[in-house]
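Look at the two complexes coming up: subunit A is in both, with subunit B in one and subunit C in the other.
Take a look at the complex of A and B:
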């Protein structure tokens, strides 16, 4: 890179063009991350917010309180389990339908893709509300068809989690399906023809040719799904009315929200936020390595 | 598997996937007694818009609809402008720290913004002390955070579109006496417009769908609620006006559906490209 006057002029122009973006990102994304960590070190409650009591520095106090609480471990376990079910469901449905889409004529494929696009486009709150109505205890279509009059799906812990997971799979499988469909279509036909000529069965071709070729793409959609499903907030909050009866349907993000804004324990809420961020950071490192291997360049 | 069988299965699955949306629209146009029937029928012979009327008048949905539109459009407009300038600088200009900035851009995309509600809540409270319109309980606070959340991705995608414009074009414009800013405005901007459309649709949808930050920031000003928040408030235990709720859901879903269908090709290829490399 040269350091002549021209380059210096470019530097000044670049600074002017980048200033608004840097200002917004610095103030509203980088600074809050720093603040999140700072707040998590304090006992920050309603009195401190209103200025009635001084801030007390706790150091890692909020974290030791969290790690010692059975509630936190239960919520963490539920979050991991819920995310795992959502990811597996999304991948299974998305992959199966991507394969199915390659086997049918364009009119059928377009029908499927349009339906999937509808599910994908539905705002999370609207989707959650529709599913709540479909599964309503008295007026819902599902209970009427199954003859389960008066059965509440959102009352039991596991049926509530199952219902939320089903809604999450419904609105997130389209991304996986369309991405994998594009991936399958990008495999050169010669490769598949060669496998057939060599006498490979359809199953053998799928296992030994298609899956290895799609591996990088599969890793990317898996990790992307893990990141999304680990931080689901809206569906859980809306469908279980804020985390279920006595908070038995809490996941980390909803837990953090309730601690901070319902119980006014902002310091504790921030500490849960830090834990979520760290977990996702680890997942993200794997994501970046997968991206790098699949050939994405900076 | 025979192709005919596969196609039959495909159509059945498509119907199942689309069913919740069909049910939403159907419930919205059913008369109240049919909605409240314990033996719901998958059709209606007496379609009516009375549920929409109730949603718009009793529940004041029109106001929340406008609020959501204002927030989403402000986010789209500002992020287009800011992201375009930043993308132009990052692709067209040589300066120190450029590589670092690209890496930073990738890193901030990975920040789970849902974890930032607490610090952003306090930040907006302080902002509100200085400029009320951008503080808690005002739509400006939502515009600010969604602008920040949408920028990294928008800049990242636009960078590709700017890079695709040949450098010779800029040299020709400079020879013709155009200043750098004129080139940006008159030549580069129209050429990257397709990229701007794709990124702004995504920014629009994110801002439009947001529930968490609307819930965190708009605490006591009911008149400044956005659609997702308003819809959730209407769902009350045991006394739901499901017809009006489904009418509200329809009003909220339709704009996004229209956008999705309009840009689906670009969206799909863009998303596939962003993960395929």
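Take a look at the complex of A and C:
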């Protein structure tokens, strides 16, 4: 790289163009994250916020307390498992319906899209509440159809997790479906024709032509889904009434809210927030590296 | 190079002591005798009735204080924590007078939110008639931070038609309760023997207290979790025995708090429940109307009463107020005998003055079991800011639910809960 005056002038121009975006990013992202990290080093409760007690610098105290808690690790494990199931379910349902949408008549496709958009547009709290009504032990439609009168879906740990996961998949598959549908439609027909002429079966075409062409989109929807499903709050909070019986359906975000923010332990809550961010960054970086190793140009 | 310089700059910034923000301590802002007095009261399901009484009080107060206007805002009980936190953090958005739950008091006082009203209550004509046990719920470390506006206690509601049909009598001791409830459900499987819940802490506490236990013990202002003591464990075991398939199946009951527990009774799906005097109006407008009676929740020996939790709301003056005298006078008017009586007539809220309690109980026999429970002596949760934390972290509901769902036995669950409480008390 040359470091002549011309290049320096170019750099300055580039910086000037970038400045507004950087300013916005700095104000909206860097500063809050910085505050989050700073708060996580303090014993920062309501007494400290309103000036009733002095600030105490704990250093990594909040983190060691958190990492030493068996409950935290149990919740973290639950969160990872729950998010994995939700991501796989969302991708499977979204991809299957995207393929279906390319194969059916326009009216059926329009119906499918309208239904999906309806699910997508439903606010999380409303969607969760409606699902609770449907699965109500005594008055729910599902139980009366299945003849399971009196069976409580939200009592058992696994049935409660299953119900919430189904709701999460329901409200997040439309994004995957529509993105992948657009991706499939953007594949030039010549490519598919060439594959057919070469005698490739439908399965072979899908595996060797369609999926590689869709890969950039698949990366985006997977990372999006991982981030969304790892951070899920509303569905778990509403449907399991704040974490299920004896907290056995807690996920990380609900745990952070209950143990830290509702209890005015903002320092501890900030520490949980930092840990969540780090976990998500690590997952994303590993995923991107794995893709890079498999030969994908990013 | 550039990266190194950047990280050095960041490190310097971090070391420069950019500590999290703190608002300044609340200092009294003078004492103006005119202008607007801002009041926060809780919104209610039947707010119209409350508002009518409040409007009268406001008119009377403004009539006696020319140049003063009273602005009343009704805030949601659900979001009270956020509202009060915001008010303590930003004095400009804070009211002068507020209604608040007595279990929240210790946390609010630790946050520096409320003013000491000790001298005002001591020098107040009505003050000497406040029931001492109830006045204690407004005290932290011996200082008084509010005037009890009304009190709520719970007793045992039962279905008279079911009991008559099965030839049963209401229980005379706490230990009889489980077998009685079991008999009802055996005879009538569509009914819950008694509707209780895994999140119904105020329903469970009387069992602990009646057995001679407590949830925490305070020594020299320092609390420790006591729920693992033999007496407390006996109480926890007696309560969780009700959360079994042959009385109140965990799949239906473990997730219930107080409201949901009473709701089953309202729907006609339970033979008994633990409900408050404040539940009466809603039960009278339900399937159980006219078919129920109330007795005090019995204690260990026949004829005794299990100590009840003294819930209720206080009226207090915020420490950052600019109109302290006016605020105190308004609290004394609204929490005084005259308006407590009016609030009882409008809302059914139990007054906190011994003589007013007697008056209303004489006029309405329904209140007898509740006033008898009050007269027997009430108990309270630990008065420490840590209680708000223990409450938010759902320590006791988790304990009850762990036992009810069979995830842990009584010994393990109570020990875990005591440890969680110690952690909160210690921090």
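Note that in this section the second predicted complex is superposed on the first by the 242 of 298 C-alpha atoms of A that agree within 3 Å, B and C clash if a C-alpha of one lies under 4 Å from a C-alpha of the other, contacts with A are read in each partner's own complex, and residues count from 1 in each chain.
The rule is short, and it goes like this: a contact is a pair of C-beta atoms (placed from the backbone, for glycine too) under 8 Å apart; a residue touches a chain by one contact, two chains touch by 3 or more.
These numbers were taken from a predicted model, which means no experiment stands behind them.
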Contacts of A:273 with subunit B and subunit C, given as first, second, both or neither: first
Touched partner set for A:155, first subunit B, second subunit C, both or neither: second
Touching partner for A:146 - first (subunit B), second (subunit C), both, neither: neither
Partner chain(s) touched by A:115 [first = subunit B, second = subunit C, both, neither]: first
Contacts of A:43 with subunit B and subunit C, given as first, second, both or neither: second
First (subunit B), second (subunit C), both or neither touched by A:194: neither
Chain touching more of subunit A, residue-wise (subunit B, subunit C): B
Touching partner for A:258 - first (subunit B), second (subunit C), both, neither: second
Subunit B versus subunit C as contact partner of A:60, first or second or both or neither: neither
Touching partner for A:35 - first (subunit B), second (subunit C), both, neither: both
Overlap of subunit C and subunit B interfaces on subunit A (superposed complexes): 35, 39, 241, 266
Subunit B contact footprint on subunit A (complex, rising order): 1-2, 7, 10-11, 13-15, 17-18, 20-21, 24-25, 27-33, 35-36, 39, 97, 100-101, 103-105, 108-109, 111-112, 114-127, 129-134, 136, 138-141, 144, 149, 170, 175, 178-179, 182-183, 186, 217, 220-221, 224, 227, 231, 233-234, 237-238, 241, 253, 256-257, 260-261, 266, 269-270, 273-274, 276-277, 280-281, 284, 287-288, 291, 294-298
Interface residues, subunit B side, partner subunit A - complex: 1, 3, 6-7, 9-11, 13-15, 17-18, 20-21, 23-24, 27, 35-40, 42, 81-83, 85-86, 88-90, 93-96, 98-99, 101-103, 106, 108, 110-123, 144-145, 147-149, 151-152, 155, 180, 205, 208-209, 211-212, 216, 227-228, 231-232, 235, 237, 242, 245-246, 249, 252-253, 256-257, 259-261, 264, 268-269, 271-272, 275-277
Of all residues in subunit C, those that touch subunit A in their complex: 14, 18-26, 81, 85, 88-89, 107, 110-113, 198, 250-252, 254-255, 385, 388-389, 392-394, 398, 401-402, 404-405, 407, 424, 427
Subunit A residues within the subunit C interface of the complex: 35, 38-39, 42-44, 46-53, 55, 57, 137, 150-152, 154-156, 241-243, 245-248, 258-259, 262-266
